[in-house]
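These are the structures in question, set out in turn.
Each of the next two complexes has chain A plus one more chain, namely chain B in the first and chain C in the second.
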Partner chain A sequence: MTKYIFRRILMLIPVLIGVVVIIFTINFFSKVSPAVLLVGANATPELLAAKEAELGIDRPYLVQLASYFWNIIAHGTLGTSYVYRQPVWDLISVRLLVTIKIGFCAAMFSAIIGIPLGILAAVKQNSIFDYASTIVAIVMAALPSFWVCLMLMLFFGMQLKVVPISGLPNWKGYLMPIIATGMMPVAMTMRMTRSSMLEVIRQDYIRTARAKGLKESTVIFKHALKNALIPVLTVVGMNLGLSMTGSVISETIFNIPGLGLLMNNSIAQKDFITTQGCVLVAAIIVCVMNLVTDLAYAFVDPRIKAQYSSGRRPPKKSGKEAAA
Partner chain B sequence: MNVLEIKDLSIRFHTDTGVVQAVNHIDLNLKQGETLGLVGETGAGKTTTALGVLNLVQSPPGEITSGEIVYKGKDMLKLKKHEMHAIRGGEISMIFQDPMTALNPVLTVGEQITEVISLHQTCSKAEATRHMVDMLEKVRIPAQRADDYPHQFSGGMKQRVVIAMALACHPKLIIADEPTTALDVTIQAQVLDMINQLKKESDTSLLLITHDLGVVAESCERAAIMYAGEIVEMGSVEDIFDHTAHPYTKGLFNSIPSLDKEIERLKPIEGLMPDPTNLPKGCKFHPRCPFALELPVCSQEEPRNFEVTPGHFVKCHRCSNWAETLTMEEKEGEDNG
Partner chain C sequence: MINRRAIIVETPRTPLSGMEDGQRHGQFYLMTRRFTRNKMAVVALVFLVALILSAIFSDYLTPYDSSKQDLSARFLYPSLAHLMGTDDFGRDIFTRVLEGGRISLLVSVISVGISTVLAVVLGSIAGYFGGTVDNVIMRVMDIFIAIPGLLMAMAISAALGTGLVNTAIALAVSAVAPLVRQIRSSILLLKNQEFIEASKAFGAGDARIIITHVLHNIMAPLIVQISLRLGDTIMAIAGLSFLGLGVQPPTPEWGNMVAAGRDYIRQFWPIVTFPGVAVAVTMLAFNLLGDGLRDAMDPRMKR
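For the complex of A and B:
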């Protein structure tokens, strides 16, 4: 098991290198110099060149890329923000916790709502509840995130005045971003739980459990659920990674001081070095969440556990592609 | 005394392509301590009948449309949920066909056996565990393997675990649904012996579902032959093997390779089992029956159950009177001679 974890962590390195190279290349060739925004559009070419030299962005592509990597490896820094004149890590670290809180809560919200509803929809297949939940799930998955944010803001913030409209003045400020971020994951979790459960309750071992004389609730929760949870775990794990890093829209709309807002602002301000830092941190979070998901399989399914400890490759490499 | 009496049981499945008439008006009874073999081709409705006894037919799409299943004087189909739960696994238990899929992959075999013991017997956890270990040893699985998961066992061992689970609560009736079909021939005999021995120990009745007539000859006292959801012939093993009356049963025997006769080709029954969504009118077997042409009534009217000798029931128009049957048997004798 330890060997497996170690190998997975080693495998993070090429993924992260790839992420950095891609985001750096996009920024480098974006044709807009970050210096323009700092010195103003009317500045002389000399002033602009001096600023570029100061930021070190006048150097060739490979030199800049190498120095970025060198800073991370040798000095453990992500560089200094062009705009804020602060180390990028300092900017990220104060915002990271907010984003992780919202992402974690959103993923948990999706699991807590989605899994029971999915079970119910499967157990009562083709009932009114099943159809209703299917429709609700499709609607939830289809609504654009920004629109949901705005409607939540309009209804709960402006009309009912039960939550703050923007920022995080108190814990209530977290509620709307969590719901907005968790909406799509709820739908995904619910649909996945339903189909996985439907498949499991038709298995022979569920018939065996019924033939033992177990109550229906024991059959469902003890015998079926543990088997049905394996594919659901994949979805919940992916949601964990995605909602921790994919909250750019809700953080921007609700003005939440998190990683997503920082990323959005740094892109708008051409503060590329901060963007790179944010993307790198987001990639690490997604990769770690995928690893946690893979390890969680072992606790649910003894067959996968056996494969981990025997050192063989586990059958599912869930979401690795998503991480990259 | 009859432990189990099935009267006029019919089971239907409602599917997109039509109503599957899986079991049609069958009557069956089983005495205390007796072994009854339920024989038939794949799709004849044997498993559905067995599941019907425990009211385990998946609904929807399945539905028990008529009949009574009387166990110890109580109609199983009218029992309340908790009464049914007490009987399932406790008084009537089932051994399933495919050991590979019958065990829950995420629970240890020990847990799965202990579960059924603590459910039906009032005992402490430690006693239940001890009993579980006893059961495992009875089916010749070492006690230390109780903490292993099903994927760590071979097929034969899994089937033995399933048997241990079914017998753990000393049931009054065991329904064994093709317990040996998924196993190697060498293990088949072992498993059958084990079931028979454990059955004798506690005077249990056994409903043995199989398509293997050899298994019936070896371990059953009586046999019922099923075709297209009906029992076409039922009687003691001697009746069935030595005084075969139904043309379908004869066909079954003809399709078994024999060691002492020199036959180059087997004689399989012509044609295929009818589509259960669209069963033929009259006798269900008449399209394949070599004698149906002689009697126009075969394709018109459904035959009654005739008792040709006491306890030997045949559902065939040719047995409508005793004399005719006799002549039939004589003719058969001449043919063989």
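For the complex of A and C:
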């Protein structure tokens, strides 16, 4: 098991190097030079060139890429922001915790709401509750998050005045972004729980459990749920990664000083090196979350654990499962 | 208390395709029949056709011009003259929502088109040939999958600049990798089946096998994916435009209409509500259509 975890972590390195190369390439070929905004549109070409030289963005592609990597390896920083004149990592590190809090709470929120509702919908299949919850899930998945944010802000922030409409003056500031970010994950978790529960409920061992005369609640919670929750775990894990990065929109609307707002501002200010850092950190979060999900799988499902410890190659997650 | 009967009594499943009909009718007929049984999907399809028609003919549907400002008619509430009211420049919101639908659909179709073509090419090469080619393509796709879609699209459109085509390209690039994975895995399932072997034995070349046999067989899941992707892309366009990175005003687009109306959200509800509802309903329609198509084309997948 330890060997497997170690190998998975090693496998992250080439992926992250690839992420840096891709995002660096995108920014390198940007049509607007970051220096333009710093020196102003009316600056002379000499001034512009001087600024570019100062920022080091007049060097050839490979030199810049190499120096970016060197910064990461030797200094542990992600370069220096063009606008703030501070190491990018310092900018990110103070904001990262806010985004992690929102993302984690949104994923938990989606699990706490989505899993029980999904179980209920499956147990009472074809009842009014089932139909109603399915419709709610479909509608929730279709609502654009920026619009949900604005409506939450209008209703709870402006009409009822129970939550702040901007920033994080107190803990209540987290509520709206968490709900807005968690909207889509709730719907996904609920539908996944329902369909996976329905699949399990039809299996023979459930029939056996019922035939033994077990209480229905024991059958559902002790026998069915354990197996039904395994695929749900993937969705919750995916939600963790997604909502940490999906908070760009809610952070922008509620003006919350997190990674998303930093990224959005850095794009507006053409501070590409900060954008690069934000994307890299987001990619690391997603990769780590995927890894944690895969490991959690092994803990929940003894069959998978047995595969790891026997030294065989673990089966890859199929595309269907990941997409469902 | 849990309703015991609901669990024990299995719901009657809809007959798969009507075996006795199988001889008389073609696949397409059976598929259409299964599709039309799903009322929600049919409603979604009708809505989408109406949306497409209104996008094409939006110039003739309303007497207003989407960009014509009329400062004497600002902030009018919905009425017969202005079905959705007017915005802060006195422009008819209904006209702008229709026009925005045209832009959203256009960008979405271009973007999904680009990503599907790329994904089909890469996915079938990786899946069919396997080996080193497969490994190289899939490792590169792993990298793309690690970057969250929205962030990738934001970074690309920041670099390329905003505008219709650039937005489409940004969203296409950020959507390719998951689709490649999916196409590859469906091809892997097909690759070793007898009919592929048979056509090899007949001397068919790789290109011919891929185009006439392999792609033909992954069409059904691909069409479902395209339908779902179209919806997702419309949502993503709106998101990007809302952040100011997609379609720019004065071109009306649902996301940038919401962004422009943000400041008036308190005093005048129609300005934010209608474009938002438009995104939601369109997304909903594409999702329902996708679900309906999946059930119709592959009844085994029905949940």
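Quick note on the criterion: the second predicted complex is superposed on the first by the 315 of 324 C-alpha atoms of A that agree within 3 Å, B and C clash if a C-alpha of one lies under 4 Å from a C-alpha of the other, contacts with A are read in each partner's own complex, and residues count from 1 in each chain.
By our rule, contacts are C-beta pairs under 8 Å (C-beta built on N, C-alpha and C of every residue); 3 or more make two chains touch, one makes a residue touch a chain.
Nothing here was measured: the structure is a model prediction, and the numbers come from that model.
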Practice item. Specify the partner with more touching residues on chain A, choosing between chain B and chain C. Key: C
Check your understanding: So, A:Val286: does it touch chain B (first), chain C (second), both, or neither?
Key -> second
Exercise for review: Examine A:Ile249 and indicate which partner it touches, taking first as chain B and second as chain C; both and neither are also allowed.
Suggested key: second
Exercise for review: Based on the superposed arrangement, let me know which partner A:Leu261 touches: chain B (first), chain C (second), both, or neither?
Suggested key: neither
Practice item. Could you say whether A:Lys226 touches chain B, chain C, both of them, or neither, answering first, second, both or neither? Key: first
Check your understanding: Between chain B (first) and chain C (second), which does A:Ala111 come into contact with in this model arrangement: first, second, both, or neither?
Key -> neither
Practice item. Have a look at where A:Leu152 lands relative to chain B and chain C in the superposition and call it first, second, both or neither. Key: neither
Exercise for review: Scan A:Leu48 for contacts with chain B and chain C and give back first, second, both or neither.
Suggested key: neither
Check your understanding: Touching A:Pro302 in the superposition: chain B (first), chain C (second), both, neither?
Key -> first
Review point. Of the partners chain B and chain C, which touch A:Leu198 in the superposed model: first, second, both, neither?
Key: second
Review point. Residues on chain A in contact with chain B in one complex and with chain C in the other?
Key: 126, 202, 210
Revision key, fill the gap. Touching chain B in the complex, chain A uses residues 126, 202-205, 207-215, 222-223, 226-227, 300-303, 306
Exercise for review: Under the touch definition given earlier, write down the residues of chain C that touch chain A in their complex.
Suggested key: 2-4, 6-8, 10-11, 139-140, 142-144, 146-148, 150-152, 154-156, 158-161, 178, 181-182, 184-186, 231, 235, 238-239, 242-245, 255, 258-259, 262, 265-266, 272, 276, 279-281, 283-284, 287-288, 303
Point to revise | In the complex with chain A, residue positions of chain B that touch it | key: 51, 54, 56, 58, 60, 84-90, 93-94, 96, 98, 101-108, 115-116, 119-120, 149, 151-152, 162, 165
Point to revise | Partner chain C, residues of chain A touching it in the complex | key: 14-16, 18-19, 22-23, 26-27, 29-32, 123-127, 138-139, 141-147, 150-151, 153-154, 158, 195, 198, 201-202, 210, 216-217, 220, 241-242, 245-246, 248-249, 252, 263-264, 267-268, 270, 272, 275, 278-279, 282-283, 286-287, 318-320, 322-323
